[in-house]
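Structure first, commentary second.
First chain written, first letter: the chains are A, B, C and D, and each begins at residue 1.
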Amino acid sequence: MMHSLIQLSIVVLLLPLLSFVVLIFFNRKLPRMGDFVGVGMLGTAFALALYIFWSVIVQQYDPAFKVAWNFTWLDFGNVPGVGPLQVKMGIVIDNLTAIMLAMVTLISLLVHLYSTGYMAGDKNYGRFFAYLGIFTFSMLGIVLSDNLFSIYMFWELVGLSSYLLIGFYFEKDSAADAQKKAFLTNRVGDIGMWLGILILYSQFHTFSYDEIFQNIAAGKFNLSNGWLTAAGILLFFGCVGKSAQFPLHIWLPDAMEGPTPVSALIHAATMVAAGVYFVGRIFVILSVDALHYIALIGAVTAFMSATIAITQHDIKRVLAYSTVSQLGYMVMGLGVGAYSAALFHLLTHAFFKACLFLGSGAIIHAMHHEQDMRWMGGLRKNMPWTFATFSIATLALAGLPLTSGFMSKDAILAGALGFAATEGGGIYYIIPVLGFASALMTAFYMGRQVWLVFFGESRTHLKPAEEHHDDHAAHGHDAHGNDAFDHSSGHGHDAPHGVHEVGWVMRLPLVILATLSIFIVFSPDPLDGGKGWFMHLVPTPSTVVKSSAIAHEGALAAHGEQPSAEAVKAPEHAAPENAVQATTGEHAVAAVAGEHVAAAGEGHGPVFTDARQAELLHATHANHYTAIYLSSGMLALGLSLALVVYKFGAIDPEKTAQAIRPLYLYSFNKWYWDEIYNATFIKGSMLLSKSCAWFDTNIIDGFVNGIATVYRKVAFANGSFDKYVVDGFVNFTAFFVQTSGAVMRKIQTGKVQTYLVMVLLAVLGYFAYYLVQLMK
Amino acid sequence: MEMFTAIGLNHFLTISALLFGFGMFAVMTRKNAIVILMGVELILNAANINFLAFSKYNGGMEGVMISLFVIVLAAAEAAVALAIVINIFKTFKTVDVSSVDTMKE
Amino acid sequence: MLSLIVFLPIIAGLIILAVPASQKQIIRIVSLLAAIAQGVIAVLIWRHYDPTMAGIVAAPGGSPFGSFQLIERIPWISLNLGSFGPMTIEYFIGVDGISITMVILTALISIIGVLSSWTIQKQVKGYFILFNLLSTAMMGCFVALDFFLFYVFWELMLLPMYFLIGIWGGPNREYAAIKFFLYTLFGSVFMLLVMIGLYFSVVDPMTGNHTFSLVAMADQANYVKGSILGPDSTTWRYIAFIVLFVGFAIKVPMFPFHTWLPDAHVEAPTPISVILAGVLLKLGTYGMMRINFPLFPEVYQAGLYIIGVFGAINIIYGAFCALAQQDLKKMVAYSSISHMGYVLLGLAAANSEGMLGALYQMFNHGTITAMLFLLVGVIYDRAHTRAIDKFGGLASYMPVYFGVVMIAWFASLGLPGLSGFISEAFVFVGAFSAPITRPIAIVSVLGIVFGAAYLLWSLQRMFLGKRKPDAAYELESDGHGHEHIHFHDWNGKLDLDARELTMLVPLAIIVIALGIYPMPVMGMLTTSINKLVQVLAPVAMSAVK
Amino acid sequence: MNELTIAIIFYIFAAVTVLSAAFVVFSKNVIYSAFALLFTFFGVAALYVFLSADFIAVTQIVVYVGGILVLLLFGVMFTNTIMQTELKADVLHFVPGVLLTLLLIVGMLYTFYTTGDWMPGHIQLSGSVVERIGIETMSRYMLPFEMASIVLLVALIGAAFLARYDKAHKNEH
């Protein structure tokens, strides 16, 4: 029988799809191009999701809560060598799912709402909402699905919807390129993920998370552990693609070609979140090596994109790279084993990053699609609401205490420190170091951005005119006639006076999201997210990787036969108390340590059955306050640096840039990744394809035609032999007979006398003969 | 003188040879059908002379009888030949045998 | 019932013979009715098909009844060969899991083909007669259970195809037609030899005589010891397998033998391209599953790796070639080479997932590629060119067309939710699960990316961005700001018209529906596929039946 | 009468025969040829007499001069009176004809004179052979005699038939 929550979640899943179907077919026939359909559907979906959230999080408040349901999607019958084989699809709802469900629907709803203002008047207005619908649908699918196969399907669908939305202004070539780039880059990541799925399937002939975890825990993974690590890393590759981790991060900044609400959706709620969420899902099967790899990737990504963000001029690009950087944080967090912290950051980041993007959208909207921060400034007075919300979100991103961002980021950094400590220090400290460095830079570039945009005087008039026009030309298709202002005002020096605060449909989402960036929403203690409900309800699950599985085979043997829904419970049972205790400060640490020793002693107990995880947890909490102090220091440093540079002008950014030009260019050109890929992969495959085509037409087909030609030649020779020799002989006979006949015919004069002469000659001939005879 | 005064077989044979040659010449070369017929008569006469000469100097009657029959047949031949010539003349308006060569091809 | 579905088109062709050539509309309608009747029968067959009957080999006891369905078996030709004993060729048809889908596909594609032939103006009568002949031959190939009968239909297929390409084709049609004809003939000639060899090696357990029955041939127990292709003459069995394989691989077409396909497609008229890609290519892989592999399982087991490698080459090589094409139709042709590579890979996996994926991929490729070629035809009708670079920005001006194109293109690049994805996915699942083909699968996965690459690139160049300066159409702006495009000498409907929609929409619906819930088709296959895998399995495994 | 006289007479007749025969052959005028032929026949008849075949000589004169020659003359007149021009009958291939003829004559004479010597038998025909001809005709040569008569009859009827006046041809003119 189906749990009522499952039924609700199915409705939640299908509503956005319904809105897509309705809008894609009927948007022209509906009034207002049917935007109310999209908003209404999402509103309903959000209401239902909220109900699910309520009944799961608030009512149950059980870390181990989980309901699952699945159905047989494919039935392979009785497969030789395997036995009865089915592919099941299903839905699982646990705390994380419920939270994500609410978060995604909320942000999607807000983006819908916001778009009614931002996109108003666009000629494909209706289709835009349709795309938002399918985007939300596929993201919800990822959140809800309980097996690798369906998550892969929705994964690709997310790719499709991002393709559609990034290329929404497809008439602009840059947009068309960006959408293609995004899809292909994601595809590259996806094949990695797909291979990972294949590795797991080839062992267990199932896609379901629980069955796979169960089998691995039971040590049924017959390949070497290297394969398991490979599976983990390959699955992580999907995340690398979707969450724009290094080296596949290149698509995300280009994705800014899409309308700003889309950026908000992609960056905050749907696409990039999917990657981290997925890694969270498969966290338990990641081997230690895979985790190290993931942590490194995350750290590098965080650092690299932070350095890039410093020098960008486009307001959205700065935010884009900050997103990449934050995603790097989350991935790093997962890598270092700070599971809860990473997912917590995913949640908090979703809200304030959505707020930032919508805010920047408001600014761009108000500035008539001016995106270059160099020509902004002084908007503080014109757009107070935007200013307020934007700054709150900025501070959350920078990680100021009392904001949500502070708690989550701090937890991750603490985890990083603990990780380094656990792994025995040394080289492992590279990861926390990179983390803190990017924290510093984050504070700096966000401060820079806020300052350039909102403070100082308007610099609109500084903008070179023709570039201005180009800009307008480039955005010519963009939402026109929607804004109340006349375009001439866009050109003048008096731009800021023409700039007004956006309407309430665009203001409301900003406010809501800003409020959701305050610490109190998540935790009573502004300094410790660990006290919050999230960390409690989404504890770090116990790993099932074989190396550590030996320790508690008994435990698994105990519930090996339980239905799949129950399979992973046991470790989760273990986790919560653990988390709660651990988070209660110093004395708890000792307790944990003690229990950990005990755990090591008696094989399996209430705490982590995996020694390493227990140790990590211990170290993390040991380093909690260190992390706080350090990150706060970084924050202060970064912000003050920004102030020094852009307010007091103590350091001239231009001069600095000149001084360190190579570094500046390196950062400004995004470490030249696009150029590198363009030179290697794209050029390479183009060359390869050209050569393949050449090979095909000239070599293979040439060979075929060559054979044909040779054959024809031979046939021709044969034919001519036949014609001139064989046939020639026959013809010659005929010719001979004919000519000789013609000669003979001359004799046949028809004159009797001639004949008589002949006779006479014959007689004379006889005479001659006779005489010769006589001579002898 | 002896060989001239003593008339022998060879004298007759010589005459017949000459007649035969003339007749042959006529038959071969003359275009007029009638002259050809005359040539034929000459040939027949030459033959007759031979027959009679041989039968005289061998003392048999065969040559005499055959020459008699030859004369009879020559008469018949002449009649038929003349009739044919006249028909040819009716058809071709000429008795020129060289122009009468429809047998050709 | 099967005979009816096979010979309906021929009957239609005979009726058309009686119709004066000037009555084009009547001729078209007659053909359409025949095709639709075929479709109806196909649906009936589908409804009455019993998915629990395995097929592939005879039921225990040697009788095909109880294993195959809708069997019709009557002696057809029987000669007395003196010392060889009586030679009996049967009219023996029936369906099992691996042919039923192909029968349905053929019926479907035939309807589409007739509809899209509506625009043919040249020698309509001859065209439709040949068309119906072709459709009969294809259907016959899929239901024939007697090797000789199969061969007859197989050869019968060449003739109409040759003329349909050679007469109604493009500028270079003679070359393409002859190339197609020679290639396929080359393959089938050797098939004849193998067929004879098999005849003298196989004995029907029921009658004790030599037989052409594929059912009997599929059971290794029926091979006479010491005969030319008997169980003990390994060398000859290898040669026979290779020869047969090449014969079928040419049809697929497999990598070194594929060059006839692009030419044939580029020259052939749209409906013929649809038939060619939709059904004919499947005959190659169907032949492998029905004849080549079950008759020589041990050779097949030995050659798995090679088959897989060729599959991988097809996938990646085809994708690369497609990436380089300027002619849209040629690109689609190479894409179908690439997609048939998936089928080969799945067949090389030799397990149920792979085989199932392969067979399902055959069906899906049929529908998807039919869509692709129809869409190419649509734009070609309007613009009289297929050069990808001659367009640009079409999406704004032909929204409906663009929508269908999106479905077809993304189905072709294997987007989840569309049928292409599931088959490709299970091909990979199977190929990866089999240790032999695992490395090949790892390499072939790259094909997913390159497939996406050429499709998206062409999509961008044709539909996105703005009109190219040298585009094959003009822009004319009406009074109030809206722009419309105008094709030179095309006065039909700008966007898809009713006829084109009636062709494309059902296909699109099938593609989407089977992408979401494949069981309606897959359910019919599983039993047979499992049986096939069992038959093909190495002795150790098949002994366990 | 002595041998010399006989020889002279013989030579005269021989000369008449040969010369007239030559005239027959070589004259351009058919009429002249016909008349020259008359002399030839007479000469030949005379030679017959020398060969002691008096009956044959008489028959020769009666049949040839009285029959054949008249027939020929009729033919000449008949054909030539219709077309005035063609009284001349010219010769074709004169020189090769002459050569051939000479060759033939020389060949024959050579043969005659070299082929041994014609041994005259001891008995020669002498006196009149009329009686013996009658006997031979009625006894030994009965059948050839009858056949000759039949042939003569058939030939004459046939000739009459062939040469008869033809209406069809009349119409053609």
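Everything below uses one rule, namely that a residue touches a chain if its C-beta (ideal position, glycine included) is under 8 Å from a C-beta of that chain, and two chains touch if they have at least 3 such contacts.
All values derive from a computational prediction rather than experimental measurement.
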| item | value |
| --- | --- |
| Chain nearest the overall C-alpha centroid of the shown protein atoms | C |
| Inter-chain centre distance, chain A versus chain C - centres from mean C-alpha coordinates, in Å | 35 |
| Approximate Å spacing (C-alpha centroids) for the pair chain A, chain B | 130 |
| CA centroid of chain B to CA centroid of chain D, Å | 6 |
| Between chain C and chain B, distance of the C-alpha-averaged centres to the nearest whole Å | 100 |
| Residues of chain C touching at least two other chains | none |
| Two or more partner chains touched - positions in chain A | 757, 760 |
| Junction residues of chain D - those touching two or more other chains | 100, 104 |
| Every chain pair meeting the contact rule | A-B, A-C, A-D, B-D |
| Complex contacts: residues of chain A adjacent to chain C | 24, 73-82, 85, 149, 152-157, 160, 163, 167, 170-173, 176-177, 179-180, 183-184, 187-188, 190-191, 194-195, 198-199, 201-202, 205, 685-686, 688-690, 692-693, 696, 700-701, 704, 708 |
| In the complex, chain A residues that touch chain D | 757, 760-761, 763-764, 767, 774 |
| Chain B residues within the chain A interface of the complex | 24, 27-29, 97-98, 101-105 |
| Chain A partner contacts - residues on chain C that touch it in the complex | 179, 182, 256, 258-259, 317, 320-325, 351-353, 356, 393, 395-396, 403, 410, 415-417, 421, 425, 428-429, 432-433, 438, 441-442, 445-446, 448-450, 452-454, 456-457, 460, 463-466, 517-519, 522-523, 526-527, 530, 533-534, 537, 541 |
| Chain A contact footprint on chain D (complex, rising order) | 100, 103-104, 107, 111, 114 |
